[in-house]
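The structure's right below; bear with me while I get my questions together.
Letters A, B, C and D mark the chains in the order given here, with residues in each chain numbered from 1 onward.
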Amino acid sequence: MFAATAIGILVVMALALARAFLGPTICDRILAVNMFGTKTVLLIAVYGFLTGRPDFLDIAITYALINFIGVIAVLKFVEGLADSERQPRPDEF
Amino acid sequence: MDLLLPPLFPDLLLDLLSMALLIGGVFLGISGAVGVIRFPDFYTRVHAAGVTDTLSAGMILAGLMLQAGFTLVTVKLAFILLFLWLTSPVASHALARAATHTGAKPVTATSGEPSSSN
Amino acid sequence: MNNDIVLTVIARLLIPLILLLALYVQFHGDFGPGGGFQAGVIFAAGIILYALTNGPQAAMRIMPPRVLTPLAALGVLLYGGVGITTMLLGGHFLNYDVLAHDAVHGQHSGILLIELGVGVTVASVMLVIFFAFITREP
Amino acid sequence: MLYFLSLFAVLFGFWLLLSGLWDHGLLLGLGLISSAFVAWIGTRLERPGGDGFEPGMLLRLPRYLGWLLVAIVQANIDVVRRIWDPVAHPISPVTGRLPASQRTRLGKTLYANSITLTPGTVAIEVSDADVLVHALSREAFDDLAGGEMERRVLALECGAGHPAGHRDGEAQG
């Protein structure tokens, strides 16, 4: 049962990777990578159950937080880059 | 993994329930991933990714919690769920916000005026 | 870069938990996955999140570089100090058995100190590098 | 000082739940020291306007979370239908500003996060008076514009004594 769940999560991760390769904008790629990261957290948790080692859950907690910080850092970079390239910022569409 | 189950819960019922949660979670995850692949623009893809981040993750972790029973493993799974549900909306929000900065305009069928609703 | 309410509030909520998680990983190296290196990275990541949401100046008030640089050296000193102490007590370099009367107990305290040194150094060096990058003139 | 003590208590509880080794004296001591150290750092972090936390919110939180969970499940079903059956349930993306009447930064954050947590709606930008929302469908947008979630977050923030809280309590039971 856990193995089937793990395979299902791997399928989701593969699809997320496909979107990360397809793009087309940088934000699409970051979105896909973020999704890949949250699925990794779930995969670590399920894998911990699969091998009967609940220690893995500590890694999953850590990964959830580090993934978040990584995505925010990349976004700050992208945002700053975009702002420096175009001065006027649209607040309305 | 030792299961500290209360005696009134039959193991079989619990297994079935957790299996249903795991299958449902994986199904939602795949649905979200398919949505991320086939939705037309970035902003709509955020919604599809939201499906995999919220209910899919919640159902998979809830299924694992049922397997673990009343142990500290369940508490740690609850922490994972708490952190995921705290951070994933912030990440989505920050992504959408950064996308407006890069100048990506959403495909909109109609202009959104709250007064024009209903 | 203007600041975002949502990000600031949630980061404010998460940062103490991240820092405590780092110290938990630091001190549970013998019982689960963890140790000084990972703990240092997580701790630094918590401070980096603060720098991303509240600006590098605010983060440098929490962790001033003039404290971080000595701390980085102190961690190495702690590591080396334990090694030298074991040599002075008659063992090999980093042979923890001689640290206490009981060999197992000696190993526990020795590893704890070594890991603490590693963690302090890794966290300080990561933060020093991060601050150096984020405050450099373009 | 009160802030330090409450943060310390929460952090030490977190440590105990993570550790699970409650009979290990050394680790308990290290946990106390770590919690105190992190709580000390916590008091030095910026708290702009206190962010608007008050203890009463903790009592009202479970009821709101229960409602939010139901909303999340409904929204998930809706989005999944739109993914698998785009013919019968087409998407019609909408962007627009909705009023956010929450007073504090914490209230606005809760509202924005609740919007984003329910798939089908994403909060793009939060400002003082309103929030810019992108919705997957017209229905999801109208549902949000109906203002039930906004009222509930306001009730969570201000308590039942607030007129908005009363309105919410009577209308929804």
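By definition in this document, a residue touches a chain if its C-beta (ideal position, glycine included) is under 8 Å from a C-beta of that chain, and two chains touch if they have at least 3 such contacts.
Note that the coordinates shown come from a computational prediction; the quantities given were computed from them, not determined experimentally.
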item	value
Chain whose Cα centroid lies at the greatest distance from that of chain B	C
Pair with more cross-chain C-beta pairs in contact, given A-B and C-D	A-B
Chain A-chain B separation of Cα centroids, rounded to whole Å	13
Rounded Å distance, chain A centre to chain D centre (Cα mean)	21
Chain C-chain D separation of Cα centroids, rounded to whole Å	31
Where chain B and chain D are represented by their mean Cα positions, the distance between them in whole Å	15
Residue numbers of chain C (touch at least two other chains)	4, 6-7, 10, 14, 17, 21, 28
Where chain B touches two or more other chains at once, by residue number	32, 34, 46, 76, 79, 83, 86-88, 90, 93-94, 97, 100, 106, 108
Residues of chain A whose C-beta touches two or more other chains	58, 61, 65, 68, 72, 79, 83, 93
Residues of chain C touching chain D in the complex	4-6, 8-10, 12, 15-17, 19-21, 23-24, 27-28, 31, 50, 54, 58, 61-62
Residue numbers on chain D that touch chain C, as the complex places them	7, 11, 14-15, 18-19, 21, 27, 30-31, 34-35, 37-39, 41-42, 44-48, 51, 105-106, 108-109, 112-113, 123, 126
For the chain D and chain B complex, residues of the former touching the latter	17-18, 20, 72-73, 76, 79-80, 82-84, 91-99, 112-113, 116-125, 133-136, 138, 141-142, 145-146
Residues of chain B that touch chain C when the two form their complex	83, 86-87, 90, 93-94, 97
Chain B contact footprint on chain C (complex, rising order)	4, 6-7, 10, 13-14
